[in-house]
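Two complexes, one shared chain (chain A), two partners (chain B, chain C).
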Partner chain A sequence: MSFSWVTPPTFADGAGNGPTAANFDAISNDLGFINQEFPIRAEAWHRNDTVVVGNALTVTYSSVARFGHFAEQDPGADGDSFEQSIILAAGTYTMYTIGRSDNQSGKLDWSLNGTIFEAGQNWYSAAPTANVIKTVASVVVVASGRHTLNGTVNGKDGSSGTYHMHLTRTWLVPAEDVV
Partner chain B sequence: MSTWTPPKRLFGSISAANLNTYWRDNTAYIGENLPHHVTMFHDTSLVTNGNAIAANALPGQWYYRTFSQTASADGDIFTQSFWCAAGTYTFTVLCRTTANGGLVDWTLDGGSIDTGMDFYTGGTVVNTQLTIVGASVAVGRHVLTGTVNGQNVASGGYDIEITKIHAVKTA
Partner chain C sequence: MSFYTPGDYAAGDALSAAKVNRDGYSNMTWLYAQYPQRATLYHDESVVMNGNAITGTVDTAQSYMTFFNQSAAAINDQFTHTVRLGAGVYQVKFVGQQHASGGIFEVDIDGASVGDGFDAYSGATQDNADLLDTAFVELTTAGVHTITVTVYDQNGASAGYELRLTTIELIPQVGDL
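The block that comes next holds the complex of A and B.
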């Protein structure tokens, strides 16, 4: 069912002029429209994340990094955790995260509203590599509204020295932009 | 502008005044308070015709990057989605113009809002801001589509190098 926005009606008192079914239907239509029209894209800059566990985020400026910077909890530790609030319509999305991989990076578990949907995302690489984009396909958002996207460091590659995370941005997109 | 009043149970007090306060005005409030500013980075655009979007490292460009369908071609199409309050908006396209720039037609939900936005300049110019002024936008979610449609007669190609598109409500 598709809804369109109408100016909410004014309810009236008086003999034979009380609230009508049409009034209620118009309000219901608008509420349906609001729920239907939630955004289908979200973006979270790591520098704006709220730290849940671990050291504060610091920003490093870099002309090599896309958008000129990355952020990290410094020093990083196993169990570091950060989160950000996003608004999305119910649906299925692809999530991308851009950052720098290196031989001191850990692994990330990603959760949405407390449910892990991606475990062990490995940011280790033998050599530092800027602008690595990690992809998580088929991220399911069950209900439209505000959601908490959380990243938690959970271990590291056997070859990695520490648990650092040098991230710039995470974004979610649908398979298709639709009205 | 409507105001928000915390809803309450109306049992026993379903008056017109209460319905207007708790249903009409609260519903209007939600519709009116969608965002007035929208930022869309071009690396998140979805390509619906043509080659994939690649990042171009440009130290002189804001955010150090432009993004473009590479190789470009006439007829390239990309889309973005955004969510906003109703109003009149100015769209600003932060880009790099070059001697190989193309022309872009813009539509919003399928209706034209601008034609022939010209990404050509004789020399390369970073941080160019091309604008669409006075676009009427309804409340809710929308699809913004850019379609490459020809080129300046002096241009050698169809390149569209964009960093981001920003929309702001002006009225």
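The block that comes next holds the complex of A and C.
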């Protein structure tokens, strides 16, 4: 069902002035419109995340990184955790995260509103590599509104030396846009 | 106008026009007025409708040190993006790079044309160019709006159909144009 905005009705006191069923339907329609018009994209810059566990985020500027920087909890440790709220419409999304992989990086668990939807995302690589994009398909947002996106370091690749995370940005995109 | 805490009725209370107007008209109108009036959209969040995937390139001379484009580019490349904005008149900027392989493209919002003939070609590379060269759109309603971009031609001097774009930016304008 699709809703279009209409100017809500107003009333005066007195018999016969309503509100009528049609008046309530008009207000309900506008509530439907407001609920329908939530964003269908979201982005979270890692530098703006709130640290839940671990050291503060520091920003490193880089001439080889898209957007010119990455952020990390420094020094990183197993169990480091960060989060940010995002506002999204209900739907199914693909989530992308861009950052730098290297031989000191850990693994990430991603959760939305406390439910893990991606576990063990491995940011290790033998050689430092800028602009690595990790993709998580079919992230389901059950209801429109504000959601908490959390990343938590959970272990590391057997070849990795530490648990660092060098991330720039995470964003969620729908499968298609409705024109 | 501000938002009033709704729902202070008690059992047996008669509905008053003041309360109904507050919960209905005033609060709903307030919510409708709270849509954003500016937006910056990153091109890597676009959804490709036709053509190859979008890739990114680091360019230290470009805003955000980055531009994105469908690669390899071809005629009829098409992508969409969405923006949640209030009603009003906006300048639409396509911050990108004009270069020797730029294509010619058109822009629609919600199916209505913003314009066509936008030329991303330049013999000498131009970073941080507004590829729309000052374009405006009127959004008659608040809500989520869909931007559709289609590459449909090329400059006679261009070597390709690329559209190198970093951000789409919408900036409110005061009054009618």
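Throughout what follows, the second predicted complex is superposed on the first by the 178 of 179 C-alpha atoms of A that agree within 3 Å, B and C clash if a C-alpha of one lies under 4 Å from a C-alpha of the other, contacts with A are read in each partner's own complex, and residues count from 1 in each chain.
Quick note on the criterion: a contact is a pair of C-beta atoms (placed from the backbone, for glycine too) under 8 Å apart; a residue touches a chain by one contact, two chains touch by 3 or more.
Here the structure is a predicted model, which means the values were calculated and not measured.
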Should chain B and chain C be called a clash or a fit once both complexes are overlaid on chain A? clash
Based on the superposed arrangement, let me know which partner A:39 touches: chain B (first), chain C (second), both, or neither? both
Check the residue A:10 against both partner chains and state whether it touches chain B (first), chain C (second), both, or neither. both
Looking at A:139 after the superposition, I want to know if it touches chain B, chain C, both of them or none. Which is it: first, second, both, neither? neither
Intersection of chain A residues contacting chain B with those contacting chain C? 5, 7-13, 19, 23, 27, 30-31, 33-34, 36-41, 43, 63-68, 89, 131, 171, 173-174, 176-179
Quick one: in the complex, what on chain C touches chain A? 15-18, 20-21, 24-25, 28-29, 31-32, 35, 41-42, 44-45, 47, 49, 56, 58, 60, 64-66, 80-82, 84, 108, 110-111, 141-144, 146, 148
For chain B, which residues count as touching chain A in their complex? 14-17, 19-20, 23-25, 27-28, 30-31, 40-41, 43-44, 46, 55, 57, 59, 63-65, 79-83, 86, 109, 138-143
Which residues of chain A touch chain C once you look at their complex with the stated criterion? 4-5, 7-14, 17, 19, 23, 27, 30-31, 33-34, 36-41, 43, 63-68, 89, 96, 130-131, 171, 173-179
Chain B touches which residues of chain A in the complex? 5, 7-13, 18-19, 23, 27, 30-31, 33-34, 36-41, 43, 63-68, 87, 89, 131, 171, 173-174, 176-179
